[in-house]
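Since the structure comes first, as structure tokens, the remarks are kept for the end.
Chain lettering (A, B, C, D, E and F) follows the sequence in which the chains are written, and residue indices restart at 1 in each chain.
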Amino acid sequence: MDQTILIDENGKRTDGRSIDDLRDVKITIGVLKNADGSASIEFGKNKIMVAVYGPREVHPKHMALPDRCVLRCRYHMSPFSTDTRKNPAPSRREVEISKVMREALEPAIMLEDYPRAAIDVFVEVLQADGGSRCAGIAAASVALADAGVNMKDLVAACAAGKVNDKIVLDINDIEDKEGSADMPVAYLPNLEQITLLQLDGILNESQFNECLEKAIHGCKMVYEIQRKALIEKYFGNDLPEGEEKELEENKEN
Amino acid sequence: MDQTILIDENGKRTDGRSIDDLRDVKITIGVLKNADGSASIEFGKNKIMVAVYGPREVHPKHMALPDRCVLRCRYHMSPFSTDTRKNPAPSRREVEISKVMREALEPAIMLEDYPRAAIDVFVEVLQADGGSRCAGIAAASVALADAGVNMKDLVAACAAGKVNDKIVLDINDIEDKEGSADMPVAYLPNLEQITLLQLDGILNESQFNECLEKAIHGCKMVYEIQRKALIEKYFGNDLPEGEEKELEENKEN
Amino acid sequence: MDQTILIDENGKRTDGRSIDDLRDVKITIGVLKNADGSASIEFGKNKIMVAVYGPREVHPKHMALPDRCVLRCRYHMSPFSTDTRKNPAPSRREVEISKVMREALEPAIMLEDYPRAAIDVFVEVLQADGGSRCAGIAAASVALADAGVNMKDLVAACAAGKVNDKIVLDINDIEDKEGSADMPVAYLPNLEQITLLQLDGILNESQFNECLEKAIHGCKMVYEIQRKALIEKYFGNDLPEGEEKELEENKEN
Amino acid sequence: MSLSKKSPIVIEQLRKRQMFDLITNGKRLDGRNLEDIRDLEIEIDIIKKADGSAKVRLGNSEVIAGVKVETGAPFEGLENKGALIVTAEVLPIASPYIEPGPPDEETIELARVVDRGIRESQMIDLDKLVLIPGKTVYVIFVDCSIINADGNLFDATSYAVVAALLSSKLPIFEIRDEKVVDTGKKQEPPITTIPVSITSIRIGNNIIVDPTVEEEACMESRITITTNSNNEYTAIQKGSTGYFTLEQIKFAAQTARVKAETLRTKLKELIK
Amino acid sequence: MSLSKKSPIVIEQLRKRQMFDLITNGKRLDGRNLEDIRDLEIEIDIIKKADGSAKVRLGNSEVIAGVKVETGAPFEGLENKGALIVTAEVLPIASPYIEPGPPDEETIELARVVDRGIRESQMIDLDKLVLIPGKTVYVIFVDCSIINADGNLFDATSYAVVAALLSSKLPIFEIRDEKVVDTGKKQEPPITTIPVSITSIRIGNNIIVDPTVEEEACMESRITITTNSNNEYTAIQKGSTGYFTLEQIKFAAQTARVKAETLRTKLKELIK
Amino acid sequence: MSLSKKSPIVIEQLRKRQMFDLITNGKRLDGRNLEDIRDLEIEIDIIKKADGSAKVRLGNSEVIAGVKVETGAPFEGLENKGALIVTAEVLPIASPYIEPGPPDEETIELARVVDRGIRESQMIDLDKLVLIPGKTVYVIFVDCSIINADGNLFDATSYAVVAALLSSKLPIFEIRDEKVVDTGKKQEPPITTIPVSITSIRIGNNIIVDPTVEEEACMESRITITTNSNNEYTAIQKGSTGYFTLEQIKFAAQTARVKAETLRTKLKELIK
């Protein structure tokens, strides 16, 4: 692994980014008519749609929890989303990602506000690039806000990794395959809580620390994009900087 | 397709029929001891058995409907019924045919007479020739009558199609595979209602009309065979023509 | 079949046994911390663990029986237990053996003592040799006793078979594959009841009788090993012969 | 996981009593003696699309078996033998108690016991059904559709399989240029023996042969015993949640040998 | 097993009455005339990883179709033709009434009807997609993800499939040393005709075209009719638990031919 | 679909309080300090039919791993590497809370995390396990049967897999006449490093290592960290529905490196 040249002599990566650049991220809110909340995200070449349904009744009823809301989460890839066609049946990978994604979102949601109810988060990957779970979490968090679900914080997410022995932000598809480490992270920026952390690949101690901190930095960049998308949607895009902040703060309380 | 000669210079088809001939059809009623109603049909080389169970309790109970009967229908092929052995697990084709068959039968049954109950129609294809869904519907309709289920009309069924550019009645297996259009139809002869209609293959406007009308004509021929089978079973086969008619009419009211 | 020499000129079998010898059998009780009762058995090269859970509540509740306990039984092979890796999904063979194993155990359990409850018997084959179903039944019976379940008798189990035209006790793996008959039997030694009997292979009438009686004789040998294991576990291994007997008898009443 | 279940078939107390009283006197509800087998009707060649087929009626139990021959890889460990696969489905048309769906443990046991009855008797000489040793062999499917269930499906299904195989004509395949070719010709199946399955049940201390569904609902234990043309035992399966004594088993085994003879004669007639 | 179910979508009595009154007067809740089709928007090439893709919006029903081309064995009985496989999944994001899971009978019918609409019209000349006759052919998957469901998924999905195929570029595979090689080059798909599906439903005695989900909740029967570029009928599927009269079918068939023309023109523009 | 569930294991309020009080004082219910790992016992070669096997007991959690080597096609995208497949089943004998059935999301996560811990550390040099590049490679299955569950199955299973692999002897396959032949000879597996997994959980603000099932029932979040023989991090998985702070993660990561050393020494002894 990692013998391919993924960073050139000018420090540019295969897609022209420097090691600290995020790919282009575009979040659009309210893209699905039927959903209670929805968002689409383009994160590099990832194209993901998220719908939130609920809070609503739980079926079957015995799955309901007396003191809190059941969060249900499905991460799913359309068959045409990958280089080689993906079989439509859910893979073990999708089962695992659905689980870590749910666990990344739960700490941010005020689940105790909706006892005996369920909130469903459906994440559909229409085109997959590296980092689809992070992109999916970021979009899901915005879709939850769009659905009016009470939240303690947004969940931002971003990966960092190691490529040609350098720690770089936001691993893309080639870097994921040819690089030597990938570390996706989900982070609540205001509460400073890490709610998803995985690592595939080899990092020594200092690389580990650098990678983790870089991923958190990336999460904060993603968070700004999430915020802007929400503000644009709900307050238009011409609010003065101060009010914007204030509104956000009220929202968080 | 359709380059094979399926109609010879004398207008005879591969099985010796002319274009307006039905294959031999034989319906036997009450062939299954355990069923509430049953019928077997031989329709060309099709050999099909149908059992009706019900009206009876619905399991699980939450599937019951408060104001009408649930009709359940399964179309299934025995593994030995086809040229190449059929895998015993239900195919997508069988799922679809079960559905259109149920929808073809529902309009004829007085489902509102049996609220909260279920009627099960199980159609087993023991040997398949072209037109097994039509043959199955015809037999199912007779088995429902045999079970004493209240009906508005019998459901007759027959296909027509296009072979060597001619519209012909009652497509057989070779004509289905080598011919250029197949149109199965189910029809309530007394109510003049079409309850199943499918088309695979290419028909221009006039061919379409001719084909549809020919299929309905075939349904009426099948209806006569269904009626005769029921009369023979329930009144013996020596009733004078007049009484036969009258009894049938009473039955229909 | 059966052309391989499986019994040499001295009457010794491939593993050195004579035709009436049992393989080494070792039963250990209480090997699983979480189970209500458990036993492991080494029976030749078979290595099997059995856990008993219950009597406990039945889920889902509608599976409960008003007048007796539901016995549930699973026979399962770990993927590494066989020469060629076994697919982890349950095979048809495992389904059948789970059933005959349950039916072999039921007559020995006082199921009517635990109405509306369930007892679960899980048999895990870690290494399979010939005769794993018999070994599993023997261990299950001991595990049930270890769980304190009321029983009418222990269930002993052993196979006999035909190898090179001789009736031999306790068929091993090679004899099962290369021999010409295998007859597993389960037996309640005190009640003299046969609760499992299968035969694969060809036996004439006198061979059949000899084989059946030999298998029952083997069951009695296995029973002694089961008893000893229970006594060792519950009364230590230094009880005088007389008391041992007596204690056992009290237990049986 | 196998679990004890209530029988869906409920026999009224009065009728049960009547059945028991009769049995004590050596008689049964349908007038048979304890060791009597119901009428057996066999029709063959009823499915023209199959390579062999039979419809069997044992009392009111009815089974259709169809033989289909393909080629494929041999079973592991049996590289130089043709493959024989018996399947069974108790169709939902067969009884009010059958739900459509994948086979349950009863049906899996049924198919496996019938399969072993055929296989262990070596009815078909599978050594003769190899095309390329270790690689390509004849694969014979015998699929059984149970269309009416009135007890003793083990025997009814077994007779249907045996009749379908006896009356079958196998396609002759050949290997040409490393490919399997159907020559269009047919061959007799290599039959070596005729296995006959006889099932008995225990009610109280009585062993009765060929039970109806009503009798099965009252049984304590069941035993299916297959013998071959040499009157040897080739397969046995004890079933249900009760026991047998040694004497009862020997009695059932003896009965199975005796009763098989008439049926074997009947099946043998199919070959001519 | 197929069974009658209550629609999960409940329309209030008052709104139903309003819908019926309007329809009697030739109008619909959303202002359309009975035979009007909702706005159709088509975007192509939205999935760069696919060999062809389209997003279709028919009113508020939205479908994405993606084409993926592989090689594989031909279908049985169609040994000398490329394989075309259409699948559909109504994603749980599409509606509050969809549970994730394997496709139910509605979705299986949807995929099969759309598939037949394409296949029976012979839209793609599959004879041109063979690499080794009888052994290796092009396999074209068209997978459809329904992302918002507001009625008439049959037509919306069909348009998405047609648009994705029309705008697709197929990889060119070659056989070298008995192995399939992707040359890296691309080819136009061998298009022969443009099938257009038009779905109508019956409410009372009225036939209305391109129903919304609300209208479908009140329908008695449904009919989907596909025509090709020659204005011939190529596929039909009647659905739902009501009937049609002969006249209603002829009317729906006539409407399907007329209505298809505008849509076909729109789809044809995608090729240039 | 993943959904939040109530833990089936209910810890009494009083015991929970006691656990929390102890933890605040740096102690645990079983007397351990927060960073103490339970006794680890390893037995190897317990399954003679496997190519390698180990039984691991970590406190009361017990796991058996068996290695089976076959040949087959390589994974897509990894054409020139042998294949390594780790599976796990939490057997119903392991705990009163396990129902038999296909693996649930917890078990799928368990197997995948253990698999990644082995795979990402490159413990086995898969480049050395290729027979025909791109076509036929060694396929190494490591199947894990969890036989008693008392917490931290991630580490117990990982140790069992590592021990089974370290002590395994792989069959030597060769290609003769385009066929795979088992030579009957054995080889040492190509080991490059020894990965050690260390799992910690957070209860309140405390990080505790190697949790019991009782402690897991009270945890807010879990983290499994694997390091290799060079003391580098090779795999991490955060789990459960709570969070970690950056400092907590760094602390757990540091602990994982330190704690792994003793265990690695113990595992290394298996090779000699």
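Definition applied: contacts are C-beta pairs under 8 Å (C-beta built on N, C-alpha and C of every residue); 3 or more make two chains touch, one makes a residue touch a chain.
Bear in mind that the values here come from a model prediction, so they are computed numbers and not experimental data.
Shared contact partners of chain B and chain C, listed by label, are D.
Steps from chain B to chain F, minimised over paths through touching chains, total 3.
If you average the Cα atoms of chain A and of chain D, the two centres end up 59 Å apart.
As a whole-number value, the distance joining the C-alpha centres of chain B and chain D reads 33 Å.
Once the centre of each chain is set as its mean CA position, chain E and chain F turn out to be 47 Å apart. Multi-chain contact residues, meaning those touching two or more other chains, occur in chain E at positions 1, 100.
In chain C, the positions touching at least two other chains are 74, 84.
If each chain is drawn as a node and touching chains are joined, the picture is one closed loop, every chain linked to exactly two others. Round the ring, from chain A by way of chain E, the chains line up as A, E, B, D, C, F.
Residues 63, 65, 68-74, 84, 92-93, 95-96, 98-103, 106-107, 111, 118, 177, 183, 188, 191-205, 208-209, 212-213, 216 of chain C are the ones that touch chain D when the two sit in their complex.
Chain D contributes residues 1-6, 76-77, 105, 108-109, 111-112, 116, 120-122, 223, 228, 230-246, 249-250, 253, 257 to its touches with chain C in the complex.
By the touch criterion stated above, chain F contacts chain C in their complex at residues 46-50, 53, 60, 62, 64-68, 70, 87, 89, 91-96, 100, 102, 141, 143, 145, 147-150.
By the touch criterion stated above, chain A contacts chain E in their complex at residues 32-36, 38, 45, 47, 49-51, 53, 56, 74, 76, 78-85, 88-89, 120, 122, 124, 126-128.
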